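What follows is chain A paired twice: with chain B in the first complex and chain C in the second.
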Partner chain A sequence: MNNEQFEEELHVRPLQDGRVYTNFVFKILLKNAVPRSANTLGSEDEAQHYTVFPLALGQIIREYAVTELHLSLNAGKWDYASWGYPDNPSVGSGAELWAWMGEGDEKRVSISFDARWQGLRNALAGLFCASLGELDERRTTSPVYAFQPDGDLPAESMNLAYAFHPSENICTENLTPFIKLLPCKSRSGIASLLNPHRLFDADWHGMSIRVLWRADEGVEVQLGVQAVFDPIRLRGQQKRDWDFPHIFDRTITRACPVAYSSTIRVDLPLSGPYTLTPDPITAGNGTAVFDVMSANKPLDVSLLYLNEAHFTYPVDPSPQTDLSIARSHTGTSQAHGRFHVTLTNSLNHPQRVAYLETPPWIIKFYLHTLTVTVDQDPRPRKDIIQKLTYIPTSSNLPTLFEPTLILPPNSTVHLTLDFDKTFLRYTEHPPDAQRGWDLPPAVLIPLSSNGSSAPPSLPRMYTNTLLVDLATPDFSMPYNVIIMTCTLIAMFFGNVFNLLTREFIAIKVA
Partner chain B sequence: MWTPRWLLIFFFIVLSLFQESSQYENQEQQVKGFFEKAESASGHTNNWAVLVCASRYWFNYRHMSNALGMYRTVKRLGIPDSNIILMLADDAACNARNRFPGAVYSNPGRKLDLYGENIEVDYRGYDVTVENLIRVLTGRVPASYPRSKRLLTDDRSNVFVYMTGHGGNEFLKFQDNEEMSAFDLADAFEQMWQKKRSYKELFFMVDTCQANTLYSKLYSPNILATGSSQIGENSYSHDLDYDIGVSVIDTYTHYMLQFLEGINKTSKTTMEDLFNIYDPVTIRSHPGVRTDLFSRPLNDVLVTDFFGGVADVDITEEYDTSWDLYKSDGPVTKEPRPNPSKLMHVEKASYAVSIAKEAGERPTMSRAWAALALTGLLVLFTLLHGCSRTTSSTQEKL
Partner chain C sequence: MDNVLGGVLAIRLLAACFPLYDIFHDDQQLTSPLTSYSRLREGVYLFKNGLDPYSGGVFRQSPLLLTLFSTLLPLSPVLSPLLWTLCDGIGAWCLSQIWKLRRSSESEQRSRTGLIVALYLLNPYIFLPSLAQSTSTFDNTLFLVTVYSACAGNVPVALLSLAFLTHLSLTSVLFLPPIILLLLHGPSSRLSKPVMFSGYKRALPLALQASIYVGILALLSTLATGNWTWVSRTWGASLSLPELNPNPGLWWYFFTEMFDYFRPFFLMTFSMHLLIYVAPICLKFQHDPLYATFLLQGVFATFKAYPTLSDPGLFLSMFSIFPEVYPYLRNPIVTTLLHLHASLLLPLFHRLWLSQGTGNANFFYASTLVFGLANGFAVLDAIWAGLRIAFGTVNDGVEMVQK
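Coming up: the complex of A and B.
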């Protein structure tokens, strides 16, 4: 097993509102491996031998020649103001799938990029029991600034395909195949804490699968589960003490024997006396580290807040992020509406950001109504938006709206944009049409300032999803029309036929 | 015309053919005997299940719990996840309204969690449509669909199809949006039969209102069908849990599951015992059974023929070490030679050809060719002789 390495880590961070953020990361590295080039798709692939690297995922990646893949399934709304930035930035609620794949030389490769994207979606849908087949051309776009690769890309021409399905939900049937990809499954190691009955009760929960390539290391698969638990609600009393049986209903009884490293990192609270048991291996820089391999089993980490009879929520909580974004839509009509986006910059210097919006074809933007104002000043500003990438919607393709903005320091920028809602055909409505349509979250991507080659320091942020109410027809209308027409025809025809053909014959009455 | 010579030739041809067919008969019998277990003549080698819950929304929690109860039973009795297609039109376990996240219960008091920690739902949410169900049954799924979304049955598969939801006279409602009619279902099953005989026997169970009408239009062979209520009757829900807030199971499925809880993989309970528990008073509707398309008598059909994936395993004696190709060191590459006297019953028919090779002669067709050649010679001889005779007779006439 000297060319594969499996590491697992659990990061626990208490939050200022009494909740606990947990992040499980399982990294499996295939050393010195190179992703399959799209130009080799015409010929048979070389044999792949894995021991701990997940075979099901590896087969899919090689079948469609994918270099970088990100799939996340999340539920809940991530509260940036109270919880700060998550370790894994993909926290949009729903199913998000994006992949960097080689374009493929058309003369040598018989399968097109779109066909590979479709094959990848269906293969992942079957593997993770999710309806990822819905992420077809109606929800797929190719953003310009957003979703730059986290790893390296080979020298050939690569394309990004990004799709989001906000109505997708996550449940045990998604976690089951996820756990089956791990070498130790959920029998030993940190994965034994993944209890679906507690995980899907968490205030925010999500799982992610990332595949990337680092040229100097190899192909890495990162399987992650993030969850924000609320120990106060689980206990029923206003105490924010937590331990593993309290939040997970499990403890770690055995370490995973094939893990290269298996650690638990707990961020220590900033204030107040507390007790952390058992004793960590190292405790410094505000973090305590436990090593699962060497710790006494069953391992149960617990944090007790001393001298705290009951927890009081912070009265004036400070926002945990320097940038913040909020999106809403206004309007009472079922024919049109208006987006309203608020971007706040609390830094002391201007920040260049990109804003990505990819609504489906049911929303038609009117770009000339795009108005940008800063703080309370009602005059529209022309200097905030630097560049705009805009692909309007056509037939059933989504819109791509990606402006680059410069946010002035210590200010709030308001964007408003009017849109029309489509009147859908009778058969295009989903089965629960009266619920409305979910719009995918908008993404805020901080960029480095113009001309700088340094990577941006802040991660991307997601807004909430929006529910748009479209005009629904009366679905019983065709039935009513048929019944009424048949009745009228029968009555009309019946009467006319009788008038024309009935003969009155006098019968002799003697 | 029927001279003794002709009779002799005819007799010889018939005899040679008989010998030919009897030799094939012998081999057929041996192969058949390999597949058939000693007790029943079912003859299937693998089991599949298609479990469909066709209704959405929280108040149809009981339909999802019906399908999940069947899923749990079928898994417990041995059908693996790879052979089960589970279609749930809505998410009950992780629904925002569910007070018990990740769990679906089928009885008040919440003793048994049907969702568990190891479940694979193949079609969920908006994917559960009439079109997708017919595509799965007939095998016409898009090329990029993975194996978990396909019904990969063959002509030795026993398939159990269970459907639940809201229904009526000869239809089943999918997601409150569209219906599947009994004719569509009958045609789908017929396509399964025609197309590579995709089932050996099919058991169709349906729990909806007026369920018996849904199987009234079936016309393919080897189908056993049962439903929860007859035409004009509703099927009722059974139990209500006050913490969940909705009905958690339907009456018919509740009694079915209760009966099946008493069955394990070794059980010899037959389908006749299953249908004997039908009591219109407790079930509050008249369940029906349709057996006219089914060839075997019901007291011969085991419940585990459809609900379970039972593998009959005979332990053979230790294999003969003289077959080791590498004696001292290195791996043993020769697999144990199957002993023809003790046939190993396995679910996959992988050893059929080798067994036939051991037990009987390889069909070389030598007898057939010899018989044909001899017949040809005799025909030629009689023709020549006949020709000479007719010429002589015509000469005489003239």
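Coming up: the complex of A and C.
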């Protein structure tokens, strides 16, 4: 066990609207390990023997020579204004998969990048029982600014593949294999709090799998579950006190014996008298830390708000983030539409951001209609967009629209962009064709200013998904349409043929 | 004629001052993916910003238009309506000159040219797409320039403008045989005095000349864009139907409802279907190639891949230069009523389907069937009248029929 280390942590943060944000993080570090290079895929891999590191995941990332992998399955819409930034920024609702993999030298690599991306998707789909096979080339793009690696990358040339499927939501059958990857499963330790009945009832819930490489440490797998619970709704009364049996319906009865550290961090409320039981190990800087190994079992952390008979929702909640983004689409026709994106900068200095939009081929942008206005001024501004990376849609591939903008301080920038909606073939429509198609969320990535080498301080933000209504043909009519059109053509052809080939004769009629 | 031309053009310019473009510019009866002005602007914008407009599936116009509008003629809200009105005017003038060349020996030509110009410019099927600034106006104008030059015997101009027309619309390559016949035989009306055509040997050099022009323009297009992707995006669109946007034609719904397994076969069938009318009509009407061109234009307008209203509009307007066949038309009233029916229902059902959502695709499809029937009736009537006129008037109690 010397070269593997398992740490688990639960972070609990009460939110200003009475909800409770919980973030489970299970980190398994494989010390001094190096990701497999794409050039070695032709030869047999070295044997892998793990004790706490999940073998199923380890096999997958070595099979396809993946250096960095992020998979998240989320359900719900993350409310940045009320809840602030999540610990793990991947909160777009749906299935998101992105991976940094090496291209490999052309002569030495035996499997192409695209083949490995497909293999990776299918392997993860099998492992987590999720329809990740939908993330094929119809939804895969390679953004330029977004999704920079969280860990280190080796010296060879690496490419990013990013895919998003907004209709794929998380459910119990995804959580079960996730728990199986943990060393202690859900029998002991913090993972015993993962109760599917309560977790999938939460207002927002999602699970994420991240694999990183740090050159000085090794390969790290972070398995995480984030959820936003509503103790007021669960209780039925307007009191926001919570404890573990109340929100999870579980307590921690045993600590995980193979865990290097097992901690619970609770962010303390800013105002009001409250009681936090049991006593934490340390309480400072607004955070209370509990150590699961040494605490009394069954461990039940509870936070009671004293002197609060009823919780009053904040009437005018202050936005919890400095930047905010909202996206919508307008238009009543099933042939055209228009995107509206609103970016608000509450900081006192200009902020350079990148905006990533990867709609599937059903949306065709008209880039010449891109208009940028600031606040209420109707004159279009040419100085807001610095650079634009644009790969238009062709055949079934998605569009990549990634402008870099400078948001002026204390202002709101409005972007509008017209688009055409595609008319799909009969076989391309999904079974519930009248529902419409989901568009993946747009991503706002704050960047550091030009020339600065410091990493940006703000995390990326996701907008909501959109539902696009496409025109549907009549699905009961293929035979009828074919025969009616062919009848018209045949009648015309027949009559032309007759007119051109028959002889004229004179007949007496009187 | 000049008074009428000037007057109607002034009316058209006045109409262009109103914001009718905003209403019509994305109307799917007046524009198609191959002719839409928004797509032209998008292609020019991408081209000017260094992106290959043919890498995406939005821009489907010819590289010739791309280079024209990105270098010589800017696309602006003021200049574009002027340009489209000018093209319409050129087309109307060519049509009146075609009439004059056809009736070179008669005196009634003076009074009729004004009527011909008015029937072309005031035909709603023609001026509405022109108000929407659809590039089908250029198709019509180039077609009329080709036919006028062929009537006048001007070989280089006729074949060059046919080459340009082929680059804008692939279906127009099928006009080469009747245009060659027209160059060799002249436009005079011989419908009532048919004679066999004997100059086929002189046709081959003309065909070679036309294909050289098309090849040179193709090479220039490739030089302008840097690669050959424009071929599959522009010409390939008529053959493989990548976009199923509704239009007044018959292809879109047929291929929407088609299963993928049968798609290649039916695409081939529909393209061959256009091809098979060229030889028979040219052979049967070899004594009057102008009439053969007119009939083929009607056939292609009904059955081509991405038609707009301007294609049958040109056919109906060209009826005005063949007054000799009017007494022999069998059912002009039925055709007119069918056209009226279809032209009222097409925009109504389109709006009900796509904007309001109270109708479905079948409504619009049915109105395109009626429109196809109306155009079919018109062509069939024109064929019958063109053949019947050879027999002249008959005595009472006797009728000419086909056995």
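FYI, the second predicted complex is superposed on the first by the 478 of 510 C-alpha atoms of A that agree within 3 Å, B and C clash if a C-alpha of one lies under 4 Å from a C-alpha of the other, contacts with A are read in each partner's own complex, and residues count from 1 in each chain.
Assume contacts are C-beta pairs under 8 Å (C-beta built on N, C-alpha and C of every residue); 3 or more make two chains touch, one makes a residue touch a chain.
This is a predicted model, so every value here is computed, not measured.
Chemist: Just checking: does A:A47 make contact with chain B only, chain C only, both, or neither of them? Give me first, second, both or neither.
Modeler: A:A47: touches no partner chain.
Chemist: Would you sort A:N122 into first (chain B), second (chain C), both or neither based on which partner it touches?
Modeler: Once the two structures are laid over each other on A, A:N122 reaches chain B alone.
Chemist: According to the contact criterion defined above, which of chain B and chain C contacts more residues of chain A?
Modeler: It is C that touches the greater number of chain A residues.
Chemist: Based on the superposed arrangement, let me know which partner A:A454 touches: chain B (first), chain C (second), both, or neither?
Modeler: In the superposition, A:A454 touches no partner, neither chain B nor chain C.
Chemist: Could you tell me if A:E173 is touching chain B, chain C, both of them or neither one (first, second, both, neither)?
Modeler: Only chain B is touched by A:E173; chain C is not.
Chemist: Of the partners chain B and chain C, which touch A:H197 in the superposed model: first, second, both, neither?
Modeler: first
Chemist: Looking at A:A309 after the superposition, I want to know if it touches chain B, chain C, both of them or none. Which is it: first, second, both, neither?
Modeler: Touch status of A:A309: no partner.
Chemist: Quick check for you: in the superposed arrangement, does A:L270 touch first (chain B), second (chain C), both or neither?
Modeler: After superposition on chain A, A:L270 lies in contact with neither partner.
Chemist: If you stack the two complexes on chain A, which partner ends up touching A:A155: first (chain B), second (chain C), both, or neither?
Modeler: A:A155 sits against neither chain B nor chain C.
Chemist: For chain B, which residues are in contact with chain A within the complex?
Modeler: Touching chain A: residues 56-57, 91, 93-94, 100-103, 115-122, 124-127, 142, 144-149, 174-178 of chain B.
Chemist: Where on chain A does chain C make contact in their complex?
Modeler: Per the stated touch rule, the residues are 332-336, 361, 364-368, 390-395, 399, 420, 422-427, 471-474, 477-478, 481-482, 484-485, 488-489, 491-493, 495-500, 502-510.
Chemist: For the complex, give me every residue of chain A touching chain B.
Modeler: Residues 75, 115, 118-119, 121-123, 125-127, 129-131, 133-134, 167-173, 176-177, 186, 195-197, 199-201, 430-432.
Chemist: Which of the residues in chain C end up touching chain A in this complex?
Modeler: Contact set of chain C toward chain A: 26, 28, 38, 41-42, 44-46, 51, 55-58, 242-246, 250, 252-260, 273, 276-277, 280-281, 284, 299, 302-303, 353-355, 357, 360-362, 365, 369, 372-373, 376, 379-380, 383-384, 387-388, 391, 394, 396-403.
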